[in-house]
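Heads up, the next two complexes both have chain A, just with different partners, chain B and then chain C.
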Partner chain A sequence: MSGDRINLDNVSRFYGEVLGVNRVTLSIPPGITSLVGPNGSGKTTLMNLITGLVRPSRGRISVLGVAPSQPEKLFRFVGYSTQFDAFPKGLTGSQFIYSFLRLSGRPAAECRELTARAIKQVGLVEAAGRKVAAYSKGMRQRIRLAQAIAHDPRVLILDEPLNGLDPLVRSETIALFKRYAAEGRHVVVSSHVLHEVDMISDQVVLMSGGYVVAEGRIRGVRSEIQEERPMQFLIRCKQPSLLASKAFEQDRVPDAQRRCGVVEARLLPEGEGVLVKTRDADAFCRALNHLALDGIDIEGVIPADDNVYSVYEYLIGSEEATQ
Partner chain B sequence: MAVYKQTYKDYEGRRTATWSRFLILMRFSYARLFQSRFLVLFLALCFFYPVGCATLIYLSHNSPALAMLKLQSNALPPIDGTFFYVFCVVQGVLALLLTAFVGPNLVSPDLANGGLALYLSRPFSRTEYVAGKMAVLFVLLSLITWVPGLLLYAIQASCTGWTWIKPNLWLARSLIVGPVLWILLLSLIALALSAWVKWRIAAGACVLGLHFVGAGFAQAINEILRTRKGSLINLGEVIHTIWGSLFDTSRGTDLPVTQAWIVLGVTCVLCLGLLARRIRGFEVVK
Partner chain C sequence: MIRLWCTQVLAIIRLEMKKTFFARRGLWVYLLAFAPLVLFVSHSIAIGHRRAELERIARDHPVSRAAFNDIQPGMTRDEVTQKLGRPYTQWSRRIRDGHNDQRERSHWRYTDGKSELFLSFEDGKLTSIHRSELDTLSQVSRIFAGVFQSYYLRLAVFFGCVGVFVNLFRGEMLDKSLHFYLLTPTRREVLLAGKYLAGLLATVVIFTSSTALQWLALLWQFDRTTIAEFLSSTGWSQFSSYLIVTALACVGYGSVFLAVGLLFRNPIIPTAIVLLWEGINPFLPAALKKISMIYYLQSLCPVSAAADRDVPGLVQLLISPVQPATRSVAVLSIVILTGVVLVVAARLSRRMEINYSTE
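Presenting the complex of A and B:
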């Protein structure tokens, strides 16, 4: 299976005395993986390590079985879009894509076809003949994405690819990522836009201060920290007080399997429902079934903090989460 | 849990030869460089002296034309090692000026804003990147140094025949080796300074400064310490010494040839070291 994954084994990178990333061990499967973390948390360093632009001070990396120190092999199937706003001077959008495709080793005629296709995919057909220097921020972001996808890579690594895109292009770009993932490719993105990360990611890697704080599927990560950070459920019902008291009662029954780990219940204003905190989400959901069978009319159950935003806030801090 | 089918197929078509990919950089660099009218004008200017030399060679073998111009054949310089040495010196200065203009445009823009990652995130190594950028200078400087030099040699050979070629075959070798060494040195210095300084104009000034300020310092050291060793930091004098030995002429300098070769080698190694240090696909902000 390792030939199908991006593997980082105890990878560290130091810039002199400055820590880039430290002791990172990851195994990234196909699908969309988001790197999330505050500025300076090591996301870009991790991407540069995966693409071989930075060599690790310690540890080993392999991308689908290929070491990043072999660019001739690696970049045949890897597309990378950096966050740098850098373009060679004087080139038009299509010249830019075409010239870098030629560096990938594709024949000229094929490069022309691939250029046209990539430009179409990012919706820049009309601007393709204009110089990149005259592009807006969003257009430059799109042309950068186009150069990364132009050679139809199996692994796509994108540093903040959604920055500066308008809502329509943003949704088209997300659809493109999903299409890539659906074909079994790897899409690794870094982002600060948490609700989008939550929406598109199959798994997230939360980073802070050069360390991986958590990784995996959002729900899995959330379950792991429910002991320190009880899960919150918003329950809409007509008898919130009764439901809250029954939930606490449920926790005192002799049958341990029927206990639901409720630690706090807060009634919502105007009797709309109750916000419950529990240390065992699965048990609580089972208990809710029993309560419903006992005659409490439950209109809806919404997990209130089962998302990347909450996980980020709990693990990394509310200060960065507001960025 | 998302379930993904492996429907993606890797590209299995033909690829261009790896060795030739650095030439792509050259092509796109020329397209940009030749947008500058100053460069085109300066390049045209660089051919004036070779055309003058060609005329001189033609005249020296054409008695009626000399008579028409009322010139004696002994008034013209002989076509020998010294003639080609002077040719190299003149074209060498022009090559230096051209390098100062073109060289800094090659690397510094890529480094100034982190654009190097764009190149290095391809099946393309740092060595190929440097080779591609050096090739831009190599071809351009070749056009004004050893290529016209060899043409002059061919003109002289066609005018005199085998009797001149046979004893002067070594001149052809010197006409290639001498300028190629200078081109190599200039290219490495220009790329290294461009990678180091980043600011294009400052890098150009540094290329010129290294030669002219170096020559000034060398002169000062020689005068103050009453030695000739100071000339070792004058790259112009170093290359003139090597050319002097290659063209077997007394017009060279009085620096020991071995020391000149050592300085040339050390300078190239230093430049390569600087390039290896600076040409990286990422920026470390300290």
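Presenting the complex of A and C:
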């Protein structure tokens, strides 16, 4: 299994006295994985560790079975788009991609072909002959992305890749990530933009203060914390009061199968529905089916905090506030 | 594998070429390299004009070189005039000696077209004779040796290598663009080799071409026959030796400053230490002299630079004389020193990290 995953085993990195990341143990499967956390939480350090730009003070890392200390092997299948907004001087967009592709030892013709393809993928065909120094921020972001994907990597690591992109390019870029993930590749993305993370991620790694606070699929992370933070459902129905009372009643029935862990039910203004908090989301959903069969007209059920915003808020927001 | 490494090294050299040759911040390297050329060209032009002028004067006031040798101190002005004729220029002045006595001092100049004779008379008696030769080839080669060893090797090539090689890694750290290299499937050792060769190519081209041009500039004042005779005797061998020494200086200092740029955040201090070490080389005991580049480079120079007559006696006492190394030992030692520095740098490059925020 470890051969197709990015594994970090008890990895720590200190910059002198300053903590970069501490005791991080992760096993990242194929698909889109988002690193989420406030500034200074260790996302970039983690990406730099995975790509060997910095070395761990402790612990071991392997990317599809290859150690980051072997760049000659690692970067045959890894592409990394960093946040560093600087480029070698005097190069045009296509020269930049081509020159660094040549370092892989590929023949010139193949490099030219790969360069053209990468530039097309990021929509920079018209600007490819211009100096990178004259590019806008969004174009520089795209040319970095082009450099990361030019050699068609199996593992794509992207530090804030959507920063500075206009909405159209943003959606094209997200589509590219999704296509990569659908092909069974690893796409590891760090982002501050939670709605994008929520939209694209197969799994998230929540980081704070150099530690991994939670990891896994958003739903999985959410259900892990539902004991302290009951899950919220917004139920639209014509009889919200009846639904609320029935929901509480369910917890008192002798049949344990029908109990649903409801801890709070709040009627919405204008009587459009009810907001229910439960410690057992699956049981509550089953109970709702029973209630519907009992004759309550339910128009819709929306999980109100089953997303990365809420998970981030619950796990990190409070820590940020105390910091 | 070797083929892959060669391809990668060539790709690195291509990427570095523009930076090493045409970087705006590297302009001063060209100034250092070509400053002596400006001096030598000016010198040749001045000497050429002087030679033409003396030849013209010699035609108007012909004097034979043999007659110069007959002039002895104590001769009267008439005796001198009898042997050499009237000088082409002369001036005199009266100086007061005590209250009433006045002395007459006069100065005469003669030329045979190639050298000048300065005669000083006091009260009509010849008191001093000074003969000044225009540049001869042996003088010129001594001048070149002096400038080459005391300025060109110790300062121009030294600081030129600092400018080019330190920037190969440190400059990119400061520009925050080094990571692009580290994100390619290239062994760090290959990256180091590629950058070193790129720097070497630039410095060797810049400094050896300057050496060659300086040499040509100095010879330019002589006529074709004299130059051809000189080149066919020792000239070509001296010329090729200087080119080789220049290239070896780039090889040696280049490796040192590549390592400095790789290992030190502030290269000024290690550069100053190396400069000091190379500078105090003449005063070091023989064993320590041999742990420096300049000792081997000077051993390879075809003409030894004459010691400066103005150096105080005490300082001259501190200079420890030592036999120069043989050619083969000198070349081998530079290659070994370079190899050791590069191997250490290559090993350390595997531990190199990108941490721009601390730069």
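Keep this in mind: the second predicted complex is superposed on the first by the 317 of 323 C-alpha atoms of A that agree within 3 Å, B and C clash if a C-alpha of one lies under 4 Å from a C-alpha of the other, contacts with A are read in each partner's own complex, and residues count from 1 in each chain.
FYI, a residue touches a chain if its C-beta (ideal position, glycine included) is under 8 Å from a C-beta of that chain, and two chains touch if they have at least 3 such contacts.
Just so you know, these numbers come straight off a predicted model, no measurement behind them.
When both complexes are overlaid on chain A, chain B and chain C end up clashing with each other.
Contacts of A:Pro30 after superposition on the shared chain: chain B is touched, whereas chain C is not.
Of the two partner chains placed by superposition, A:Arg170 touches none, neither chain B nor chain C.
Once the two complexes are laid over each other on the shared chain, residue contacts for A:Arg102 go to chain B and to chain C alike.
Of the two partner chains placed by the overlay, only chain B lies in contact with A:Asp202; chain C stays clear of it.
When the two complexes are superposed, the chain touching more residues of chain A, out of chain B and chain C, is B.
Judged by the touch definition given at the top, the superposed model places A:Ser69 against chain C, while chain B stays out of reach.
In the superposed model, A:Gln147 makes contact with both chain B and chain C.
The superposed model built on chain A shows that, among 62-70, 80-88 or 134-142, the segment of chain C colliding with chain B is 134-142.
Shared contact residues on chain A (touching chain B in one structure, chain C in the other): 15, 48, 51, 53-54, 71-76, 79-80, 82, 84-90, 99-100, 102-105, 147. Interface residues of chain A facing chain B in the complex, by the touch rule stated above, are 15-16, 18, 30-31, 48, 51, 53-54, 71-80, 82, 84-91, 95, 99-100, 102-107, 110, 147, 151-152, 154, 181-185, 202, 217. Put simply, chain B touches chain A in their complex at residues 1-2, 4-8, 10-11, 13-16, 18, 21, 24-25, 28, 31-32, 35, 109-110, 113-115, 117-125, 280-282, 284, 286. Interface of chain A with chain C (complex): residues 15, 48, 51-55, 69, 71-76, 79-80, 82, 84-90, 99-100, 102-105, 147-148. Residue ranges of chain C in contact with chain A, taken from their complex: 4, 7-8, 11-12, 14-15, 18-19, 23, 172, 175-177, 179-188, 190, 350-351, 353-356, 358.
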